[in-house]
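Same chain, two partners: chain A is paired with chain B first, then with chain C.
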Partner chain A sequence: MNGVIAGISYRALLGRRRIWLLVLLPAVLLALAVLLRTVGADGERATVELLKTFAIGIMLPLLGLIAGTGVIAPEIDDGTIVHLLSKPIPRPVIAQTKFLVAASVVAVFAAVPTFLAAYLLVGLESGVAAGFTLGALIGGVAYAALFMLLGVVTRHAVTIGIAYAVIWEGLVGNLVPGARRFSVQQWAQTVADQISTSSFLTTEIGLGFAATALAVVTAGGVVWAGQRLRSFSLTGDE
Partner chain B sequence: MSDRSPVPNAPEGGSPPAGPSAPGLPPGPAAPVGVIHDIGYRHYDGARLGRGHATAALTVHSLRGIFGLGRPARAKIIPFGLFGIMMLPAVVSIAIMALAQQRGMAYPGYAVALQPIIAIFLASQSPYAVAPDLRFRVLPLYLSRPVTLWDYVGAKLAAMTAALFLLLAVPLTVLFVGELLIDMPGAPLTSDYLASMAGAVAYAVLLAALGVAIASFTPRRGLGVASIIALYLLSSGVSTVLAAVMESVNDYTAAGWAWLVNPFFLVDAAVQVGIFGTEPAAPGAYPGGIGVAAAIAAVLGLTVLSVAALIMRYRKAASR
Partner chain C sequence: MNLELAQVSRWYGNVVAVNDVTMTIGPGVTGLLGPNGAGKSTLLHMMAGFLAPSGGTVTLDGTRIWRNHEIYRSIGLVPEREAVYGFLTGRQFVLSSALLHKLPDAEDAARKALATVEMEGAADRRIETYSKGMRQRVKVAAALVHDPQVLLLDEPFNGMDPRQRMHLMDLIRSMGTAGKTILFSSHILEEVERVAQQIEVLVAGRHAASGDFREIRRRMTDRPHLFRVRSSDDRRLASALIADASAGAVSLTEAGLEVRAVDFRRFTWLLPRLARDAGVRVLQISPADEDLESVFSYLINRSR
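Right after this comes the complex of A and B.
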C-alpha cells in the first residue's frame, strides 16, 4: 500500500468524467427502488428480483469494470505508467494499491446503494438487505481484481470485460447451467443466499465452491497483475 | 547533387563566423552559407478530386477501421468474432430448416435476440471511430482540407451506420437465401425479410448516432466503451424491471410503454411492428396507435439529438 499511488488513482477515478458513470448506476438502482415502492410492488419477491437482475446482474459488473480497469488502463494507454514503474516501488505493491483503490470504490458505489435499495423496499426482513450487501461487496471486490488484471494484460480490457459479463455470464449462463459455475455474479448470489433466508432466492452453487472461487479470483488477480507489472513492456498503440 | 551546390565541401552553417577554425578542417568562408539542395520535389499536377472524394475516402477508411481491416490482426479479433456470433443463429436456422423442415429464428426477432452482441459491437467499435482523432487532436488537420465539420461527422456516422447495417443485413440475407434454396413448404417469408431489412436500416442509423455521439464525449477509448455499454445495459435493465413491475400490478398498457425504454424494442415497435406490421419481438405487446407514433418520433428525435450533440462536440473540439 502506497499512499501517493492511492491518491493518484483515486483522483484519476473520481476526478474526471468517470465519476458520472459511477454515480449514474447506483442512482438508477435507487430510482427503481423508489418507483417499486411508489407503485406498491415492494414485496420480498420483487426486491430479490430487482437486486438479482439489476444490482448484481448489471450494476456490479459495470462498476467493477469501470473501477477495475479505470485505476490502471488509462495510464497504460497514455504511457504515463512508465513514470510510476520507474520509481523504486515494488511492482506488486503498485498492483495491490491500485486494487485496494478499485475495491474501495466498488464497495462504496455498489454495496452501499444495494443495502439502501433493499432497506427501502423490505427493511431488514429475512436478511435480504444484509445478504445482498455482502454479496455485492465480495462480488464487486472480485470483479475489481479480475478487471484490473485484464487492464494490465490487454489493451482491449473493457471490451473483453463486457464480453465476459454480458455474453458469458448473461447469455451463455442463461442457456448452459455449467457456465454458471464460472460466473462472479453467481458466486455473489450464493454469498447473498447464505445470509438471506428469503425463499425467493435460490442458488445452485455450494458456498464452498463459491467462496473458494471468489478468494482465488481476487487473490490470483492481484498477484498475477503484480507479476505481470514486474516484466511489463509498453507496446505502441496497435 | 553536390555538384549543384555553390560551395562544395563547405561546412553547413554552424561554424562561428570569426572564430578560429577547428583543427583538421579546411579553413571555411568567414560567413555561414545557406544551401538549398534540390531533393527532387515534384509538384502535384494531377486532378484534385475535391470535397466529395475526401469525404468518401474518410468514410471508407473509417468503415475498414471499424472491422479492423488495415489494422493489426489483434484489432480484427473482436469485430470479426462478434460478426461470427451474429452469423451463428442464421447458420443454425438454415440447418434446422434443411434437416427438420422447421423455421428457426424469425427475421424480425433477429436483432432483438442478438441485442447484446450488437450492443457490444457498437460499444467496442464506435470509440475506435472517433476517439483517436480527438485524443491526438488531429481534427484541425482534417479541417484544413476541403472537408468540413459536417463532412467529417457525416463520414464517421455513415461508416458506423454501414458497419452496423452489414452486421445485421448479412446474417438476415444469408438466412433468406438459405430459406429460398431449401424451398420450405409454403411461401417464403419475403415480407418479413424485407421488414427486417428496413428494421436493420433503422437500427443502424439510431444506434450509430447514439454510439458515436456518446463515444465522442471522451477521448479515452476505454471509458467510451464502458459508457456505451453502461447506457445499453441500464436501458435494457430498466425496461425489463419496469415492465415486470407493471405486469405484476396488471397494468399491461404501462408495461408496453416500459419495453420502449430499450432502444432495440423501440426500433422494433416503431419500424418493424409499427410500419410493417410484424409480430412484436418483445415478451409483451407494444402500445398501439399513439404508441407507434411516439416510438417513431422517439427514434427520429434520438437520432437528431445525437447528431446535434455530435456537431456541438466537434465544433468545440475543432476550435481548440
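Right after this comes the complex of A and C.
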C-alpha cells in the first residue's frame, strides 16, 4: 500500500464524470427498493429477487468493471502510468495499492447500497440484508481484482469485461448448469446464503468451493497484475 | 555513472527496431541523433527499463536495468508522451514524484525542482491548463526531483518555444558539466550540436556514427555532395569543371548541370573561380541532397 499512489488513483477514479457512473447504479437500486415498498410489494421474496438479479446480477459486475479497470487502464492508455512505474517502488506494491482503491470503491458503492436497499424492504429479517451485503462485498472485491488484471493485460478490458459479465455469467451461466460453478455472482450468492435463512434464496454451489474460488480469483488477480507490471513495456510510437 | 549497451537488439516479430548496438554513455551530455523511425525511442526505453532487449544487455554501472525498480534511484526519465495527470497542479505532480522517491524533505525538493525549470509561477495551476512546453517542464522537474545521476529525455525539445528550448538546453548543459550522465534523443542535428558533447547517430536501428559534434559535422560534410547548377553557359562550365578532380561526375540535364562534388571544400572554392575564368555567369547553385535523410543514409551506407 502506497499512500501517494492511492491518493492519485482515488482522484482519477472519483473525480470528473466517472463518479456519476458509480453513483448511477446504486441510485437505481435504491429507487427500485423505494418503488417496491411504495406499491406494497416489499415481501421477502421480492427483496431476494431484487438483490439477486439487480444488486448481484447487474450492479456488482458493472461497478467492479468501472472500478477495477478504472484504477489502471486509463493510465496505461495515455502513458501516465510511467510516472508511477519509474520510481523505486516494487511494482507489485503498485498493483496492490490500485486493487485496494478499487475494492474500497466497490465496497462503498455496491455493498453499502445493497444493505440499504435490503434494510428498506425487510429490515434485518432472515438475515437477508447481512447476507447480501457480505456477498456483494466479497464478490465485488473479487470482481475488482479480476477486472484490474484485465485492465493490465489487455487494452480491451471493458469490452471483454462486459462480455464476461453479460454473456458468460448472464446467459451461459443461466442456461448451462456447469458454467455456474465459474461465476463470481454465483459465489457471491453462496456467501449470502450462508448468513441468510430465507427460503427464497437457494444456491447450488457449496461454500467450500465458492470461498476457495473467491480467494483464488482475488489473490491471483492481484499477484498476476503485479507480475505483469514488472514487465510493463513501452512500445515506441515511431 | 555509465550506461552500457552491449550488442543490444530489439525486434518486434520480423521487424528489427534496434540492430546490434554497442555503446557506453558516460558522464556529460550525449545526444542520440537519428531520423524518425530510427529506433531512438526503442533504444531509450531499453535504457529506462521500459522494454526488454531481445538480445544483448543494458546495464547501469554493471547492474541490469530490466525488471529492476531500484535503478530509478539513479535514473530520472522524461518520456516523450505528453500525458500527465491533468487534475493535479504542477506542484502536486512534482511533489508526488518526490514522495514516491521517499525523499526526506519532499516539499523542499519539489520547490527546488520547480524553480530549476522556472515553473514556480504556474505551479499551483492544474496541469490541464498548461501549454505543451509547460507540461514538458513539469515533467522535467518531476524527473529531476531526486537529483538523479542519470537523466534520460525522449525528444525533450518538441513543442517548446525558442525561449523555453534555450532554457532547457542551458539546464541540460549545466547538469552535464556537473558530472551527471545525460542522454537525450532528437532528430534535429542543430539541436543536438548545441547541447551534446558526444553524439551517437542511429539510423534504421543501427549505430551509424559516434563522436563529438565536430566529428559528426565533418563526417556529414565530407561526403559526395550533389549540386544543381544553372548558368549562362552550362556546357562550357561543365567542361571546365570536369577537368578538376573535386567534381566527381558532371552531367548535363534539362534543368541545368548536376555535379557530384567529391571534395566539398575544394569544390565550393573552385566553382566561382572556374566560372569567372571561363566567362560564365552562374545563376543558381542548389544542393540536391541536403535533407537530413540523405545525410543519414550516407552515414549508414558507409558504416556497413
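Methods note: the second predicted complex is superposed on the first by the 234 of 238 C-alpha atoms of A that agree within 3 Å, B and C clash if a C-alpha of one lies under 4 Å from a C-alpha of the other, contacts with A are read in each partner's own complex, and residues count from 1 in each chain.
Please note the rule applied: contacts are C-beta pairs under 8 Å (C-beta built on N, C-alpha and C of every residue); 3 or more make two chains touch, one makes a residue touch a chain.
All figures in this text were calculated on a predicted structure; none of them were measured in a lab.
In the overlay built on the shared chain, the residue A:Val141 is in contact with neither chain B nor chain C.
In the superposition on chain A, A:Lys87 makes contact with chain C only, not with chain B. Contacts of A:Leu65 after superposition on the shared chain: chain B is touched, whereas chain C is not.
In the superposition on chain A, A:Gly40 contacts chain B only, with no contact to chain C.
Once the two complexes are laid over each other on the shared chain, residue contacts for A:Ser231 go to chain C alone; chain B is not touched.
In the superposition on chain A, A:His156 contacts chain B only, with no contact to chain C. In the superposition on chain A, A:Ala12 makes contact with chain C only, while chain B stays out of contact range. In the superposition on chain A, the residues of chain A contacted by chain B and by chain C overlap at 237-238. Contacts from chain C toward chain A in the complex involve residues 12, 17, 36-42, 45, 48-52, 67, 69-73, 75, 77, 79-81, 83-85, 87-88, 93, 96-97, 99-102, 142-143. Across the complex, chain A meets chain B through its residues 17-18, 21, 24-25, 28, 32, 35-36, 39-41, 46, 49-50, 53-54, 57-58, 62, 65-66, 69-70, 73-74, 77, 156-159, 162-163, 166-167, 170-171, 237-238.
Those residues of chain B that touch chain A in the shared complex are 71-72, 74-75, 78, 85, 116-117, 119-120, 123-124, 132, 217-218, 220-223, 225-227, 229-230, 233-234, 237-238, 240-242, 244-246, 248-249. Listed in rising order, the residues of chain A touching chain C in the complex are 2-5, 7-8, 11-12, 15-16, 78-80, 82-91, 230-238.
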